[in-house]
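Below is one structure. I have some questions about it.
So that you can tell them apart, the chains are marked A, B and C in the order they are listed, and the count of residues begins at 1 in each.
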Amino acid sequence: MRAWACYHYELIGYRRTWKGSVFSQFIVPVLFMLSIGLGVGTYVDRGGALGAVDYVSYLAPGLLVSTAMQLAVGESTFPVFSNFEWSRYYYAMQATPVRVRDVLGGLLGFLLTRVLVGAGAFLLVMAVFGAVHSPWLLGTLPVAGLVGLACAGPAIAFAARVTSAANFSLMFRFVLIPLSLFSGVFFPVERLPGWLEPLAYVSPLWHAVELSRQFAFGAFTNAASWHAAYLLVWLVAGWFLAHSSFTRRLQK
Amino acid sequence: MALITARGLQKRFGDLTAVKGIDVQVEPGEAFGFLGPNGAGKSSTMKMIGCVSPRTAGELSILGLDPATHAAEIKARLGVVPQTDNLDVELSVLENLTVYARFFGISRAEARRRALELLEFVQLTERANDRVEPLSGGMKRRLTIARALINEPEIVLLDEPTTGLDPQARHLVWERLFRLKQRGVTLVLTTHYMDEAEQLCDRLVVMDGGKIVAEGSPRELIERHSTREVVELRFSLNEMDELGSIAEKLDGIAQRIETLPDRLLLYAADGDAAIAEVHARGVVPASVLARRSTLEDVFLHITGRTLVD
Amino acid sequence: MLTMVAQAKRASALFERNVVVYKRLPWNIVSGFFEPVLYLFSIGIGVGALVSGTFTVDGEPMSYALFVAPAMMAQSAMSGAMIESAFNLFGKMRYQKLYDAFLATPVGPNEIAWGELSFALARGGAYSAAFLVVMAVMDLTTSWWAVLALPGALLIGLAFGGLGMAIATFLRSWQDFDYVTGIMYVMFLFSGTFAPIALFPAWAQWLVQVTPLYHGVELLRGLTTGQVGPGLIGHAVYLAALAAIGLTIASRRMGKLLLK
C-alpha cells in the first residue's frame, strides 16, 4: 500500500531525530507535573478548591492531551514546510504513483504512532505520581490520538499555505500556547472571564481535556459523546482542508 | 610610496602553513593579481591584507599602517569582495548597501545617495527593493562589488571576483572593474583563471603551495617562461597510453614538450612550422591546435602542474 | 575618548541593522511580549484562584498572582536576552557568516558583541517595561520600589546576554542548543517561579540557588512587592558578576573565532 510506504518514510526520518524529541515530548510534561502539579498543587489541595480531587490527578489527564496536541501540531508544521520548501520531498513524490492522500495518510499514521507512544509513557509517569484512579484511564490513549489528528489537519493546511517559516513562531505564540494555557488543563474554564469562556468551548483541546479527565476518573457525563463527536468533526474537516491545501501547493 | 608592502609574510593554521613567507609590493593605481591553484594561499593572504586575519610572522604594511595595530583605520579605506558572497539575506538589495555604509560612519542621506549611484554602476537599479536570495550568482557578485565601493576605497581587494559566473556575467564584472581601474582605484585580486589575470592585471605573482614562484607583468612572465606559440596535439583514445613514446618521436621539433594526461604541448616560436614537422615525422594526431602562450603555460612550466584541474 | 566614541558609533550601526531587519517583522517582536502575559493570566490568575486564601510564602498569606508576576517578568528578560545573544548571534556567526562581512569594515569583534548585546537589552527592556505596565494596571505592584524592577530586568538581560554570547561561542551545532533550551526550560519551571523553593528538598533548594534565574526572580519579586532588604543586593551582585564573566569570555572568544 502506498500510504504504508509514506508511513515508513516518516519513521525512517524519525530514527535520526528521536533523541531530541524525548525532551519535549516526555521530560517537559514530567517537569510540568513536578513544578505546577506538585508545587502549586500543594496549595490547591490545602484549600480543597477542586473538591475531593487532588491537583496532580486533575492536571495529569489534561497535560496528557495537551502534550499530544503540541506534538502533533509541531510535527505537522515545520517538517511539512521543509518538505515543500527545502528538501522538496513532496515534489519528488509527485513523480511517483503516490497520491496526496497517501502522503497525508502516512504522515497522520506516523503522528498517531508518536502520540500514542508518548501518551503511553506518560501513563506510567501518572502511576508514579499516584494519579491512577480507574481502569478507564486507558481510554485517554485514543483521546490523545484523536485530538492529535484533529489538530494536525489544520496545522498541515497552514504549513502548506505559508511562504515563510517565520509564520510558525507566530502561530505557536498566538494560537498554540494560548490554547494550551486556557483550555482547562490547569484550571476549570468556568473560572475564565465571561467573554473568554465561549472561546474555550471552541477549542478542540478543551473537549479533549474534558473527555480525557472523564476517562481518567472513570466517571462519564452525558457530554462525553458530544466531546468525541466534536473532535471527529475537526478530524474530518481538517483532513479535507489539509488535502486541498496540499494539492494546491503541489500545483505551484 | 607603495600602498601594500609585505616582507616574509607568513600565515599558519595549527600545523599547516598556508602562506610561507612572501614578499609583495603594490603601487598606487595598479591592478595587482595573485594567480594560483586551489589551496595556494591566495585567500589567506587577502584576509591578512583585509585585516581580518592576524599574520603569524613577517612584516605587513597597508597604506603605511600596520594591520595589527591600526585595523580600523586601514579598513576604513579598503573595499573587500570576499571569495564567497556574504550578503545580508535579511535585507533588501538597497539596504545591503545603506546599512553597510553605516559601519563606515557614513551619514544616512549620503549612504542612500552613494547606494543608488552604485546600483546604477553595477546595473542593479531595477532590483533595488528585491530580496537578495533570488538574485542570480552574477547579480550577487555585482552587489558585493558595489558594497565594497560604498566607502569610496583607495584599494579594492577582490578574491576570485568571477569564479562560478557564466561568460557573459564575467565580462560584465571585468568591464566594471576596468572602469574602476581607470578611475585610479588600486585593485588587488586573486584568480585561478589566466585569462582573468591577463585581462585585468598590470602585474601579478604566481603562488603555489604558499610561496611566490614567479612575478611580473603577464607579458613578461610569458616571455620569460614560455615560447611565443604553443601547439596542442590530441590523440585518439587508444593512443592515450602511448603519449610518452609519441613525445620521444617528436623530440627536437619544439623548444620544450609537455606531456599531459590527455594531450601533448609543443612550445615553439613558430607553431605552423612545428605542425608541418610533426606531420613530416609521420605522427597523425586526432586534432591539432596552434595558439599563443598564456599564463597557464607559465604556470605549467614553473610547477609542472596545470592551474585548473 | 575619541576612539571610544567611534567604537560606540560602529556598535550602534549593528544595532541599526537589526532595527532595519525587524521593522519588516513587527509581529515577531510584538509576539515575544505576549508569552509571559499569557502565563500570568493562566497560571497566575487562573490557577491563582484555586489557591486563594491558602497560598503562603514564609508562612505569610500572599496573592498568588502577585507571586507569579515578577517571576514571569524575570523569565521574559532571560529568554529575550538569550534569543538575541545566544541563538541569533550563533546563527549569524556560524551559518549566515554575517559578521565576516561586517568585519571587513572598520568594525571589530568587540563592537559587534556590544552592538548585539545592546540590541538584546533594548528588546528585552521594551518587553519588561510593557510587562511592568500590565502589572501596574492589574494592581500587581504594591510599592514604588517596583519602578526599579525595570533596571532589575535589564540587569537580568545583561547577565543572560553575556552568558548567552559566551555559550554561543562554544557550541557547534543547533543540536547543541537543544540542551540550552532544555536548561532554560528547567530554570523557568523551578526557579521559585510557580512555587516557593522552600517546598523542595534541601539539595534541590541548594541547586536552584546556584542558578541565575532564581536570583533574577527573587530580585524582581522583592522590588515589585516592596519587600526590599539587603538580600536584594546579593541577588544583584550575583547577576552583575555573571554578566561580567560572560562578557569577558565572550569578547575574548569572539575575537578568536571571527579573526582567524
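Keep this in mind: a residue touches a chain if its C-beta (ideal position, glycine included) is under 8 Å from a C-beta of that chain, and two chains touch if they have at least 3 such contacts.
Values in this document were obtained by computation on a predicted structure and should not be read as measured data.
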By mean C-alpha coordinates, which chain is most distant from subunit B? A
Just to be sure I understand: the centre of a chain is the mean of its C-alpha atoms, right? Then which chain's centre is nearest the mean of all of them? C
Looking only at C-beta pairs in contact, point me to the busier pair out of B-C and A-C. A-C
CA centroid of subunit A to CA centroid of subunit B, Å: 57
Using the average of all C-alpha atoms in each chain as its centre, how far is it in Å between subunit B and subunit C? 48
Can you compute the centre-to-centre distance for subunit A and subunit C, using the mean CA position of each chain? Integer Å is fine. 30
Along subunit C, where are the residues that touch subunit A in the complex? 25, 27-28, 31-32, 34-35, 38-39, 41-43, 46-47, 49-56, 64, 175, 178, 182, 185-186, 189-190, 193-195, 199
So, in the complex, the side of subunit B touching subunit C is made of residues 13, 47, 50, 52-54, 71-73, 75-76, 78, 80, 82, 84, 86-91, 95, 99-100, 102-105, 147-148, 151
Okay, in this complex, where on subunit A does subunit C touch? 20, 23, 27-28, 31-32, 34-36, 38-40, 42-44, 46-47, 49-50, 55, 166, 169-170, 173-174, 177-178, 181-182, 186-187, 191-192
Can you list the residues on subunit C that touch subunit B in the complex? 6, 9-10, 13-14, 16-17, 20-21, 96-98, 100-108, 258-260
